[in-house]
Every structure is written in structure tokens, then in C-alpha cells.
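Would you mind keeping the following structure in view while I ask a few things?
Chain lettering (A, B, C, D, E and F) follows the sequence in which the chains are written, and residue indices restart at 1 in each chain.
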Amino acid sequence: QEPAERRTAVPGVATGLAVTGAGGDVLYVEASLADPETGAAGLTLTGQLGDVMKESAQIALSFLRSHGAELELPVGDLKDRGVHIHFPAGAVPKDGPSAGITMTTALASLLSGRLVRTDVAMTGEVSLTGRVLPIGGVKQKLLAAHRAGVTTVIIPKRNEPDLDDVPAEVLEKLDVHAVTDVRQVLELALSPATNGAAPEVPVAA
Amino acid sequence: QEPAERRTAVPGVATGLAVTGAGGDVLYVEASLADPETGAAGLTLTGQLGDVMKESAQIALSFLRSHGAELELPVGDLKDRGVHIHFPAGAVPKDGPSAGITMTTALASLLSGRLVRTDVAMTGEVSLTGRVLPIGGVKQKLLAAHRAGVTTVIIPKRNEPDLDDVPAEVLEKLDVHAVTDVRQVLELALSPATNGAAPEVPVAA
Amino acid sequence: QEPAERRTAVPGVATGLAVTGAGGDVLYVEASLADPETGAAGLTLTGQLGDVMKESAQIALSFLRSHGAELELPVGDLKDRGVHIHFPAGAVPKDGPSAGITMTTALASLLSGRLVRTDVAMTGEVSLTGRVLPIGGVKQKLLAAHRAGVTTVIIPKRNEPDLDDVPAEVLEKLDVHAVTDVRQVLELALSPATNGAAPEVPVAA
Amino acid sequence: QEPAERRTAVPGVATGLAVTGAGGDVLYVEASLADPETGAAGLTLTGQLGDVMKESAQIALSFLRSHGAELELPVGDLKDRGVHIHFPAGAVPKDGPSAGITMTTALASLLSGRLVRTDVAMTGEVSLTGRVLPIGGVKQKLLAAHRAGVTTVIIPKRNEPDLDDVPAEVLEKLDVHAVTDVRQVLELALSPATNGAAPEVPVAA
Amino acid sequence: QEPAERRTAVPGVATGLAVTGAGGDVLYVEASLADPETGAAGLTLTGQLGDVMKESAQIALSFLRSHGAELELPVGDLKDRGVHIHFPAGAVPKDGPSAGITMTTALASLLSGRLVRTDVAMTGEVSLTGRVLPIGGVKQKLLAAHRAGVTTVIIPKRNEPDLDDVPAEVLEKLDVHAVTDVRQVLELALSPATNGAAPEVPVAA
Amino acid sequence: QEPAERRTAVPGVATGLAVTGAGGDVLYVEASLADPETGAAGLTLTGQLGDVMKESAQIALSFLRSHGAELELPVGDLKDRGVHIHFPAGAVPKDGPSAGITMTTALASLLSGRLVRTDVAMTGEVSLTGRVLPIGGVKQKLLAAHRAGVTTVIIPKRNEPDLDDVPAEVLEKLDVHAVTDVRQVLELALSPATNGAAPEVPVAA
């Protein structure tokens, strides 16, 4: 498993948290916008996503289509540029609504050119108005975040009671933010805008 | 469960009433219109909706497409702007025609910029001409509305006999309106237009 | 059950007759045309319609697309305006070809602005050239029409022998027209054009 | 059953022959072209057609799209006008390739405005180049044609041996044409062009 | 069965070879291009084709879309003209990749107006770059070609060892060409261009 | 099996490695771009690909749509030119994400006109940002590459530990490159650009 720094070194990538058969795990979301010259359009979703997760992607995109301008995002880029959201690894089926805020963050990062902070992971359903709704598996997700070297975790406000189940020694290493609105997520997770072009060239290995 | 005030604090959100395995419950409908700059078009429905509920959304939209101008709604906004209707929570399957008037109200709120009154919840099938048709579960729905702090409930006229089954102590706390036409629902549920821009910034939590 | 007058008080609504598990019943067809400003297009069908009934709607629409101009209907309205045909109640499955003439009538009413006569109900398959083909359940349908206060019933010519099965006391209260062509149906069922705009505002309940 | 004269009294209707559970039967094909003002486009197929029959309709249409101009048909009418092919009765499932020449004839009648001869019925698969391929059920089909008052029957050349099975007293009443190319079918089945507009007004019953 | 001369007497028809339940058989491929006046577009496939065969048709078309200009074919004709590929007989299911070179030949014949030689039959999978890949059933296919009066057969180079299984008395009557590239097939199978228009009028029977 | 030189002698073809029921095998990817004159558009995938492999193709294409310009590829060619990716043999089902880098390479070869080196085979999942993710079957794949005469193999960095399972006598004949980013794959696998037109005419056999 590569360190999270490597993965979120380009705009459009955010770190989520998932529950798997073997406990929790970090889950990366990758988003891309096609070069307008290529004529690509519409929304492409890959990563063997289930119905609920596909709908969650549509909600994240619609939130930005209706509220992106308020957030000073260049939403005109969504016109005539194909949006693609991918969850590696490609052969592993994934489902559920809890990557909603992670997808919203990846898309906002892509549009703004601001990197997602490498020390932040998140989990939460997002609604069409930007509310953050509760999800399951808080304990396993926080343990996974901790194992992956994440230091800041964003969870839904209504999941705060679940923090009682997280071992104290893990909780004291994590800076947990409980939020009600996805705009708070973007404030916490996006790095400040850099001057000049976004660093799109990956670090060579 | 957040208070209803929080949920309907932006245009496009209306409070419905549903019957679930565990009695009745309030059910929020969220509607959004994409920024025309984003090039989004068509109708997107999310929230794991069944066939009957998807058709109900099409009926609500067609009612406004053919009758919205009479109601002084800016229906031109429906052209070349993607309409999205979402029912949180995203992973819970939902079906049936009884959210018809709630969807119509959410869309009319969105187009007009008028908020839906936070003390109002509603249930009723809507027909293509705007008639309000009877639904099931009046008793459970009114009990749920009462528990959620709602004070005004809108039901179909033809469901009035079902009010006999609602405990008197609940009924006396509720202002129940029995209606035959969705235009009556809009009159009852939409707050007066405010001067200036609609308050689209959510209350921070 | 509302009186039929209420239901057909706007152009685009016609009264059909159906056979259900519990005998016959009246069945309303509602048709709407979207405001051209809304950019809606195509044909939308709702009411949990089966395959045969969906095809029947396409036949009714094609009949008017090819023969509407002869009938002095403003068929240009069908271009770039979405047509929606709905059969309440939305959750009840419906199928079969026998609402063909009822859908044709509802669409012709909508295009012409002429109301469908409130005392008329009808049943009959329509072909692409406008012929009226025989259907089943004449007895149950006429009994239902009578119960619902209808006084004029339109049936296919080839179903005339089935009138022998209808009780004489019902038949004498009904004015039954047996027809071979849907143009005869339109002559019988559409009210004369009114001067000025069609009355699109519903009667308040 | 109406006499065939009634059915083919408008351009676009041709008489086919089918095998059913109860022997053979005549089968009408109705074709229509939408008024260009209505904005309809594409091919609509109705009558509960199976896969093979739907493909057969596409072959008939493609034959005219590529060879219609040679036949002096106004193929430009196929652009931006919706073509609809319907097989009454609407609720009866139908399948198989043997209505290929009947559909080709109905479409050529529609485009040319020439009526299909009321005394002619036909059966035969059509290929993309216009060849007429053999079909089944010749005996039952000819018996049905005779019963329906048809006097001229068109069959594929390669089905000539099947005529041995048809009772002599039926065969002597029928003028049977065995053909290899659909262009021969059109020569035999289409009435001469009339002067002036085609008679699109149906005979009142 | 008509002689092959009849079938390939128009551009766009090529003779393939198939394995059926009853040994081998010749298999005709018919291709047509719609008159641009008809507004037809896209690719239509008929003949009850299975998934593999449908993909094979797409490969044949893409080969010509990318390499047709090198072969001096008027590929601009593919724009805004509907391409239709049909395999008679229409009701017989067919599948497999071995008609790839036959479809490519039929399309090249259609575009060039050059007839396919009536004495040639062929079998072979085609790849997107035009390579000819091995297929099954060489023995049965050659026997069928011989029975049908074909004198020249084209097979994939990598199937040459299968010729050992073909009876010597059949093989000596056939001129077998083993090829690696579909361009070789076109050289062998297409008749020289004729002067003037292609003979599109079929021979009357 | 033809030597790999033959297969990759045109731009757009790359050599992959697959695990089959019978060990490993080389797997060719063929990509083509339609002549703009043909009006083809969109992405066509053939070769009986499973869901995961189809998504993998979309990821490869989206990577080039968003990052191709940085790589100095003429991505404008993707607009209004149909892209087709095919995996011979056409009748063999294939699935999995491990041809991701092979498809990316084939497409980059096609766009640049640079041939893929004939001595190179590769395996690796690609993510939307170009990261190379681990795959299975390294041992069988390297044995197959060796058998096919390949001398250079590209594998994901995270699969390096699997090299321990490959027999030493095979490993010493192979030049194995373990990579983290698809840009490294392109550097290794693409031949230098030639002056003048790419050699699109295949070697005659």
C-alpha cells in the first residue's frame, strides 16, 4: 500500500474510508475531467459500483452543478467536458452511500485545482442540499484511518456517539471533525490554492 | 433526527410522510436545478426509488411543465437545466405514489425561491391535472408528523374518513387540511416570497 | 369517487371503461402537453402500464401525427412539446388495447382545447388508420358506466352482439353508439369549441 | 371480420397471411408516416411483435431506403417523418419473417399513395436485396385467403411445390403468383396511381 | 437453393461458409447503404445474430472506417448513410466470428460497386487491423462449398493444416487460398470495377 | 501463433499478458480510430469483454482524454473519430483489470503513430491518474512471455515480490521493469517516432 501522500498528489483524488469483509480500509476516489478538445461529455463511473454508490455519485455531481458557483468553483468546466469518477481497485465491487462527501471533495479538488490534504480521510453520505448524513462502521473506519497514517478524520455529526466505541489510544492520535454540511468538509480537506498551475505531473517512482 | 427547520431552510426541500415497517415517518424530498453553465439537462431521480415513485416524479414534473406558467413559476428554468430529485437516506428503498404532492411542492419551491413552511408535512398522490388522490396509512403518518414536531398536515380530501382512526389528543394538536387539488397544497405550504435573493447559504452547525 | 364532471372539466381528460378483478370500472385518461418554454419533448407514459397498453398509446399518438391535420388539429404543437399520458391511480397496474379510442380522444381534446363531454364514456381498440376494433367485457363495462352516472357509451360496431347480455333496464338508460372509426368517436365525445381560451383553472373543492 | 375492401381502402395497408393455432388467417399490416410538422422521427413497431418480425420490418424499411429511388418512390419522405408499422389486433403476439413482403408493400403503398389491391393477399420473407425467400404454412394460408374472399395470392417461387397440398377446388379459385423478387410483388399488388391526391378519408360505416 | 450467381448479382452480397447442425452450408451476407435522402444513420444488424457475430460486424465496419481510404473506397459514404448487414434466412439464429472476412468483403463490394465473384466463398475471423484469424469446421465448410458449386475458397493461413482432413477428390476441384490479411481477400474476391453504374437491377426470374 | 513482430507492425497494437485456464498467454490489444470522413464517434469495445475489462478500457481512454495533451498526443483526434478497442480472438470471453496499461499503450501508439516495441509485453491495472496497480498471475504471465519470444516485460512495482516465484532461468532471459506510473510504461514500450507517415501497410504473407 503506497503512502497516502503519493495518491493525493494530484488534484481530483480524495481519501475515503470503507468497511470491508476484513474490517475497515482506506478507499481512494479519483476524478478526472476530459480535455475539451477530446469532445468527451457526460458522467462515467467505474470501479464495479453498486446502484446506491452510482446514485451517490450523481448526488455529488448535482450538488456541485447547483451550488458550485457559490463555492467559487469554475462549474462551466463541467459543460462539454466528460467527468469520470473511478474507485480503484477496478475489480473489487463497492456499494453504499458513505463515499458521498469523498466524491464531492474529489470533484471540488479537481475543479479548483486545490489538492486534498494528504493527512485527511473522510466518510459520510451527502444529500442534494449538502447535508452530511450518518453512516455505519465508524469504529472500523477510524482504526483503518489510523493504520494508514491518516491524522485527520471527518465524520457526520450524527455519528458522534459512535466515537465511544473507538479505543482511546486511537482516538487521541486522530483529529476527528464531526460535520453537518459538505461545505465544512471542503473547508477542512482542501489545501489552499497554490499560485500558478496545479502540479499535474506525478512523482516518478 | 434534525429538526425540520434545518432541512427545509433552503428552497427545494419539502416534508413528506411515509409508512415504513416500523409505523410512519417523515420523509424529506430534495430538489435541485443545475447551474445552466454546467450544461446539465433532463431529470435525475435518486434514493433507490421504485417504479411507481419514479412515475410519480415524472407526473409532478409534467404538471409543472404544463401548468407552471399559470402559477407564475419561471418554467423556462426547466429548459437546459438538469432537474434532480433526491430522497434521503440514499440506501433505503422507497416506493409508492403518495409523495406526489410533496415532489410537486419541492419543485415549485425551487422554481419560485419560496421556502416550504417548516411546520407543514403532507401526503397525497397527484394526477397529471393536479387532482389529489387518496393514499394509505393516514393514521401512522399523522402520528409520525406529530412526533416530528409538525403542526400542519395536508391530506387528500378523500382520506378525510380516515381521520376517525387518529387519536383525538394527536388530532387536536394538528391543523389538518384535506384538499382536492395540488394548487391548494402550494397555497398552504409555500412561504411568502421574500424580497431579494433566496437564502441559499445553510445554517452552519 | 368524484363525479365525472369534476374529472373532465379540463381539456385532455377522457373517460374510459375497464374490466377489473371486481367487475367493470370507469378509468380516466389524462393527457398533457408541456409548455414549449420548458424544453420537454417525446412521449411519457405513466400509471404502471403493460406492454400492450404502451403500444396502444403509441398508436393513438401516431394516428394524430398522421391524420390530425385532416381533423383540423394543431399538430405542430406535438413538435418540441412533451406529451404525457397518465392513467390514475398511479400504483394500479393496467394493460390491454381497449383504451385506444379513449387515449385518442384525450389527445384530440388537448390539442383542440375542446372538453370531452362529461356524460360520455368509451371503450375500443384503435388501429393506425383509425378503425375501431372489438374489445372484451362489454357487459361489465356498461354496468360500470351506468353506476358512474354516464349516459352515453361508445363501443366498437363489432361488439354490438354483446349488448344482448346487458340487462334491459341498464341499456334503456344508456345511449349506446357502435362505431367503426375513431373519427366518429371524436364527433360524439368532444364538446363544441368554446370561444376564447379553454378553461384551464380547476374548480376549487 | 370486415371485408378486405374496407381495410385496404387507404394507402399504407396490405393484406398478409399467417398461420395461427387455429389454421391460417389473413393479417393486416398498417403503415403510417407522421406529418413533418409533428417532429416525429424513427421507426415505431407495434402489435406485440417478436424479435424476428421486428428485424423483418427493419429489412423492409432498409430495402426501400436503398432501392426506393429506383422504384420512383419519394424516399425523402422517410427523413424527419416518423414511420409506424402496426399489426392489429394489438394484444395478439405475432412473430416470424413471412410478413416481409407484406410490410414492404404497405410501405411502398404509403410512399406512392397507390392503394394495395383489395383482392390480393401475400406471404414471403424478404431479404435486404429484395429477394423473396420461402416460408411455411402455404396450405393453411391459401385456405384462409380463400375463406376471406381474396382472389389473388402471392407466394415465394421456392414454395411452388407446396401448392400440391392445396385442395384443387380452392386452387382453381385463386390466381397464385410465385415470385423471386419483391419488385414483382409491388407490380402485382399496387393499384395504378390515381390522378390527384390519394383518398385519405375513410369510408364512413 | 438458388445458384450463387443469382445471389451475388448485386454489389454488397458475399458468400460465406458456416457449420450447422447438419454439416456445413453456404451463408449469404447482404449489405446495404441507405439513400442519403432518407436520413438513415448508424449500423443495423439482422438475421438473429448472436453477440460474437454482432461484434464481428462492428470489427468489419471499423476496419473499413479506418483503412477504407487506403483501399480507395469512398468511406465518406458511411457518414449519414445507414449501413445494414443482414444474414438470410431471417428466422435462423447464427453466431460466431468466422463470417468476419465475408462481412468485410460485402461492405467493400457495396462501397466500391464491384461485384463479389460468384465462384468464391470464404471463411475467416477478421481482426481490427485486418489480420485473418483461424476458424473451425474447415472440412464441413469445404464440402458445402463444393456442393454449392463454388470453385474458389478462401481460408485463414493458420487453417492450412485442416486441409488434410478434406477428401482429395473435393480438394482437387477447389482452388483454395490461405490468407493472413483481409486485403488479400478483397483482391481475390472482388470483380474488377466495371465502367459506368453498377448493375443494381436484379435479374427477373 | 504468429511472431509478435507481425502483430505489432502497425500503430495501435500492444502485447499484453493474461492468465487462462491453461496457464498464461500473450494477449494482443488492437485499437483503431475511424477516418473522420466516416462520421464514426464514441467508444466501441469488442472481444467478448466482461464488465471489469470494459471499465478498464474507459479508464485508459479517460486517462488519455485528461492527460494526453501533457504527453504531447494529438487528443483532438479523439473528437468526432470513433475509437475501437478489440481483443482477438473474438469468440473467447475475457475479463479483469490487468490489461489497463496495455490498452493505454495501444491508444497512445495509435494517437502518436509510434509503434509499440515488438519485444515488449506488459501487465498492470491502470488508475484514472495513471498509477499502475498490482495484478495476479505474474509467474504464469512471465513464463508465457518467455515462450512467445518476448524479451522485455513490464509489471507493477507492487508485484515485484512475485518475481521470486519465477524460475531463475526464465528471469535471466527477461528484462523486467517494475513501474508505478503508466507514463513510465509509455516511455519503455513506444518506439521512437519515425519521420514521415506511419507504416500502415501490413507485410504481405
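Note that in this section a contact is a pair of C-beta atoms (placed from the backbone, for glycine too) under 8 Å apart; a residue touches a chain by one contact, two chains touch by 3 or more.
Bear in mind the structure is a predicted one, so any value in this text is a computation, not a measurement.
Student: Return the chains shared as contacts by chain B and chain E, ordered by label.
Tutor: none
Student: Same or different interface residues for chain A and chain F, judged by whether over half of the residue numbers are used by both?
Tutor: At the contact between chain A and chain F, which are copies of one sequence, the residues are largely different (under half shared).
Student: Compared with chain A, which chain's mean CA position is the farthest off?
Tutor: The chain lying farthest from chain A is D.
Student: Farthest from chain C in C-alpha centre terms, which chain would that be?
Tutor: Farthest by centroid: F.
Student: When the centre of a chain is set as the mean of its C-alpha atoms, what distance in Å lies between chain B and chain D?
Tutor: 52
Student: Distance-wise, how many Å sit between the C-alpha centres of chain A and chain D, to the nearest whole number?
Tutor: The answer is 60 Å.
Student: By the touch rule stated above, which residues of chain B touch at least two different other chains?
Tutor: In chain B, no residue touches two or more other chains.
Student: Considering only which chains touch which, label the overall pattern as line, ring, star, complete or other.
Tutor: Graph shape here is a ring: one loop, exactly two partners per chain.
Student: Give the chain order around the ring, anchored at chain A and oriented so that chain B comes second.
Tutor: Read from chain A toward chain B, the cyclic arrangement is A, B, C, D, E, F.
Student: Chain E touches which residues of chain D in the complex?
Tutor: 41, 51-52, 55-56, 58-59, 62-63, 65-70, 75-76, 78-80, 96-97, 100, 125, 127-131, 133, 157, 179-181, 183-184
Student: Would you tell me which residues of chain B are touching chain A in their complex?
Tutor: 2, 7, 10, 12-13, 30-35, 37-40, 44, 46-48, 82, 84, 86, 88-91, 200-202, 204-205
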